[in-house]
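Take a look at the structures below.
After this come two complexes, each holding chain A, first together with chain B and then together with chain C.
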Partner chain A sequence: MISEIGFVFLTLTLVISSFSFAQLIYSHVNSRFFVLDHLKITNLIFFFTLSSFISLTYSFLISDFSLNVVAQNSNSQLPTIYKFTGVWGNHEGSILLWLLVMTFFGFLFSKNSSATEEFKNNVLKIQNSLCFLVVSFIIFTSNPFEKSFPYPIEGSDLNPLLQDPGLAIHPPFLYLGYVGFSIIYSISVAALSDGVKNYFIKILKPWVFISWIFLTCGIGLGSWWAYYELGWGGFWFWDPVENASLLPWLTASALLHTIVVADKKKIFINWTIILSILTFILSLLGTFLVRSGVLVSVHAFANDPTRGVYILLLLASISFFGIFKYVNKNIQLRRADITLISREGMISLNNIFMLSLTFTILVGTIYPLFASVLFNSKISVGAPFFNSILMPVMFPFIAGMIIGPYTKWGKDDLIVLLNRIKVLILCFFIISLLVWYLNYKTPILSIIFIALGCWIIFSSLFEVFQFINKKLRVPKKIFAQITAHIGIGLLIIGATGSSILKQEKIQFQEVGQSLKIKNFDVEFLGVKKIEGPNYISQMGVFSIKKQGEQIKILRPEKRFYNAGKQVTTEAAIHSSIFGDLYIAIGDVHEDKTKWTTRIWFNPFTIWIWIGVFLLASGGSLSFLNSLSRK
Partner chain B sequence: MIIFIFFMNIILSEAIAIEPNEILKNKELEAQARAIGKELRCLVCQNEDIQNSNADIAKDLRKIVRIKLEKGESKEEIMDFIHSKYGDFVLFSPPLRLDTAGLWLLPISFFILLTFYFFRKR
Partner chain C sequence: MKKKNKRLITILIFMAFFTFGCAILLFNLRENLIFFYSPTEVFEKQIETTQMIRVGGMVKDESLIKKIKTIEGRQLEEISFIITDFENELVISYIGILPDLFKEGQGVVVEGFLKNVGKFEAKTVLAKHDENYMPPEIKDIKSIKDKKI
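Presenting the complex of A and B:
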């Protein structure tokens, strides 16, 4: 019964949002015959979608197996929390969450934006139309309320890998980011029809920050999960799906920098609009690549080609509409010449590299597909390709990141600039020597990247020092920038440590045997059988000693899930600021006394997560700042 | 991202990657084997190198690489051998050819265009 109501609400969303869509398409028709309050429509579709989502959630919680999605992705033994998160642990539910977030952003915009009523109406007309396209996709190709009769008494299981807190909460974050870009698209396109008035940048700004923060957290949570769950200590794999989330993140990061200039100097307005539209298109492209399954063919996941075609059409029409509006904007925007050595020049450099990187990753991700269609050649593009592109790009990028904050607006001189930061340059030499002295035995690449990471952190701290030296308070804007840049520095150090400097011990370990890794003694105490709510687990027990003293017991697990007959590894990690001790347990050896154990020491890994946290904090500071300066 | 998990599921549901008995005693050769392993794709997996895959084919490839290294073959010889046997698909960084040139040319031309867009004079 509840699920029928959910479907009715979804249908109502479709019907009501279609009014906005119709008016967008027939905008040339005299609007006196067709007056619509898009704000009201926004409110209605948000509440309808929310009700629909709640009914689906309810169906999951009561294990209503008459619904196909519930029967396929949940079962009655599942802990309540995973019944709840199971709502978005499948295609249909996650697209409904996507729609909910989209209507939610429209709703927030209608309530909280400083825009005039007329501009709001224009923005929401577009936002509601986007919702219309998504809700039609749901109803016609991915209806979560689809039923079958007779229905099963027990459901199959939620994918065991999804039964994990880190993973369960990261899709909502990712979607808040991804879909948040829809409102940025709507605002930009509405501004194009409105003659690109200057105030639109101020309206746009907070939405860019908030979406970016969520996407940053989402990606961070995703790789944190990969790190502890996949059992071998990697955190980034250049997987097509990861790339899909990185693409809009990169363009949005470029947008963060550009929009500051656009707001302050009234230049780059064009470019801001292009980036806004592009970011949302890339979010959609990511969804298309992931959902349609064009990139992957050997999977357990059943892909429905109609879904792929539908999203492709959606993607094409939304891109076309954005580009069409941009080309026909009818106004000439101011353009200033930019010199490289200036704040504008450095931000241009940032944008050039960010966008080139985006484009490279995009090409790398979809090239195998094109190559197979156009040339009939079957190729792979993976981590070695992306790393080889990323490495050389990092150097000028980091250089710009360090110099950028010290350049002046308008026009600056290289000699004067270098003179201004001569103390900093001297410090760089000392830092590099220090890093080299401490790590001289390790690969040269790791020394370079750790030194660069330290450079970024130090140059950011030096900015603070300069303000304190002049007895000035650090402006909020600068403080946000410094926080985020330190985050990047830490991220680079963490990533270098946990990829290049990793130490490993893989062996058959006897019960009672002690192994030395870094300055830890890892003693294997044995294996226990544990019964969880819906799984059986083999739990290894390891005593971690430092200089003969026990500091921690680590319990890595190998879980066997009853319903789906699947196995997952749960690594056990001892984190410290110097690195993570990471243990995963494997199978028992033939002689029954030894077990395969994998022990890693991953230096500086914790700094990756702290770096992501600082990035998000810097973003949040900018967000609060953009709200208060209206 | 969710689908990513669905993909990973078939690949990673078993024990992970390299087994203790596969590791070579000679540390230098083992390091070389790792470096090679990172550049080869596990042919039946979704975006995984042979180093971190538990599929049989990845296991076999790891063994081949190690046997050949112990025989004294160089990295290039081993890569060529595996490339000739399994085709382009096994290489994670494709060979530079006419049909793969776009992989490098497109980003470079995009970079040049973008630089021009930002720093052109009126």
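Presenting the complex of A and C:
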């Protein structure tokens, strides 16, 4: 019963949002005959989608197996929390979540007071039309309220890999980021037909920050989950799906820098709009790649080709509409003369590098797709490609990141600039020597990158020092920038440590046998059988000793899920600021005394997560700042 | 005129950089491509033993063998199994922990190097997130498709 109501609400969303869509398409027809209040439509579709989502959630919570999605992705044994998160642990539900977020952003925007009514109306017309496209996609290709008949008494299971708190919150965050870019798209496209008055930058700014923060957290959470759940000991695999989320993140980061200039100097307005449109297109491309299954990826979901075609059409029409509006814009913008050695110049440089990276990763990600269509060859692009491309780009990028904040707006002089940061340059030498002295045995590449990471952190701290030295308070804007940049520095150190400096040991380990890795002694104490709510687990017990003293007991598991007959690995990790000791347990040998164990030491991994946290905090500070200045 | 010249130079420099960048990109891409083959293709084509490739097919039933191997004083478990496209078979050896979703009778993709004829040393056994999923590469192998239908 509840599920039928959910479907009715979904249909209502389709019908009502179609009004907005119709008016968008027939906007040249005299609109006096067709006056619509798009704000009201936005409110309505938000509440309808919310109701629809709640009824689906309810169906999951009561384990209503008459619904296909519930029967296939849930189980009555499942702990309540995973019944709840199971709502978006499948294609249909997750697209409904996507729609919910989309209408939610529209709803939030309609409550935003700074825009004029007319502008709001124009923006929401586009936003509602986007919602229309998504809701029609849901109803025609992936209806979560589809009934199964005769329905099963017991459901199959939620994929055990998804039965984890990290993954439970990863998709909503990722979607809040991905879909947040829809409102950025709507604002930018609306601004194009509105004659781009500068005030739209002020309206756009907080949305850019909020979406970027969520996307950053979403990617960070996904990476963290992959790290501790998959038992591969890594955090980033250059998998197509990961790349797909990185692409809009890169352009959004470029946008983040540009919009600051656009707001302050009233230049780069054009560029801001292009980036906004591009970012949303890339988000959609990401969705297409994930949901259509055209690419070979570890994130494989059982797919349906018609969905792929539909998303591709959606992608094409939304891109076309954005480009069409851009070409037909009715504005004249003043050209800006920019010199390289200035804040504007440095930010342009940042954008050039960000976009080159985006382009490269895009090519690497979709090249296999072209190859399979054009040459009928099955290939994949390996991680070495991305690493080899990323590394050379990092050097100028980091240099720009260090110099950038010290340049002046307008015009600056290289000599004067160098003079201004001479103390800093001296410090760089000392840091580099120190890093080299502490790590001289390790590969040269790791020394370089760790030194560069330290440079970024130090130059950011030096900024703070300069303010304190002049007895000034650090402005909020600068503080946000410093926080985020320190985050990047930590991220570089963490990524270097856990990729280049990683140590791995894999072996049969007998009960009672002790192994040495880094300065830890890992003693295997045996395996216990544990019964969880819906799984049976074989839990290895390892005693971690440092100089003969036990510091921790680690318990990696191999879980066997009853309902789906699936096995998952739960790695056990001992984190410290110097690195993670990471243990995964495999199968038992026939003689029942030896087990395959895989032990890693991943230096500095914890700094990756701290880096991501600082990035998000920096973004949040900027966001609060952009709100309070209105 | 002068202003126009300056702009032209800027554009030329930009184009030069762009072309240079693309050249590096494509060169790198070509170096790092990993080709996918079915077991039959492995036998038909001349594949260098230094080239990293991917091979995919179905894991043959009851072909999984685990042996103990000692390398550098440590005992290791060497796993070997056979993948087949129902025409040809290839013996895969692998040292490590198999992904959780690895099962006999199911599709699998491995990445590594071809040793000698019919033997393949896997560096990675690619894991999938979903048990119902069949990699499109495997699904497209003709002989497997025929068998399924």
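Throughout what follows, the second predicted complex is superposed on the first by the 622 of 630 C-alpha atoms of A that agree within 3 Å, B and C clash if a C-alpha of one lies under 4 Å from a C-alpha of the other, contacts with A are read in each partner's own complex, and residues count from 1 in each chain.
The rule we apply is simple: a contact is a pair of C-beta atoms (placed from the backbone, for glycine too) under 8 Å apart; a residue touches a chain by one contact, two chains touch by 3 or more.
For clarity, every value in this text was computed on a predicted model and none was experimentally measured.
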Chain B and chain C placed together on chain A: clash or fit? clash
Task = Go through the superposed model and pick first if A:G89 touches only chain B, second if only chain C, both, or neither.
result = first
| said: Contacts for A:S388 in the overlay, against chain B (first) and chain C (second): which applies, first, second, both or neither? | reply: both
Kindly classify A:F508 by the partners it touches after superposition: chain B alone (first), chain C alone (second), both, or neither? both
Margin query: Quick check on the superposed pair: does A:S348 touch chain B, chain C, both, or neither? Answer first, second, both or neither.
Written below: first
Between chain B and chain C, more residues of chain A are touched by B
Original post:
After lining up the shared chain so the two structures overlap, which partner does A:S129 touch, if you call chain B first and chain C second: first, second, both or neither?
Top reply: neither
Check: Is A:H170 contacted by the first partner chain B, the second partner chain C, both or neither?
Finding: first
In the superposed arrangement, does A:E242 touch chain B (first), chain C (second), both or neither?
first
Would you sort A:S377 into first (chain B), second (chain C), both or neither based on which partner it touches?
both
Footprint intersection on chain A (chain B / chain C) at 159, 161, 230-232, 293, 296, 298-301, 356, 360, 363-364, 367, 377-382, 384-385, 388-389, 506-508, 566-569, 584, 586-587, 596, 598
So, in the complex, the side of chain B touching chain A is made of residues 1-10, 12-21, 23, 38-39, 41, 44-49, 52, 87-94, 99-100, 102-103, 106-107, 110-111, 114-115, 118-119, 121-122
Listed in rising order, chain A residues that touch chain B in their complex are 88-91, 94, 159-162, 167, 170-171, 174, 218, 222, 230-232, 234, 237-242, 245, 290-291, 293, 296, 298-301, 335, 337-338, 340, 345, 348, 351-352, 355-356, 359-360, 363-364, 367, 370-371, 374-375, 377-385, 388-389, 506-508, 558, 566-569, 584, 586-587, 596, 598
As the complex stands, chain A meets chain C at residues 159, 161, 230-232, 293-294, 296, 298-302, 356, 360, 363-364, 367, 377-382, 384-385, 388-389, 505-508, 564, 566-569, 584, 586-587, 589-590, 594, 596, 598
Within their complex, chain C touches chain A through residues 21, 24-25, 28-29, 31-37, 52, 54, 66, 68, 74-77, 95-98, 100-101, 109, 126-133, 135-137, 140
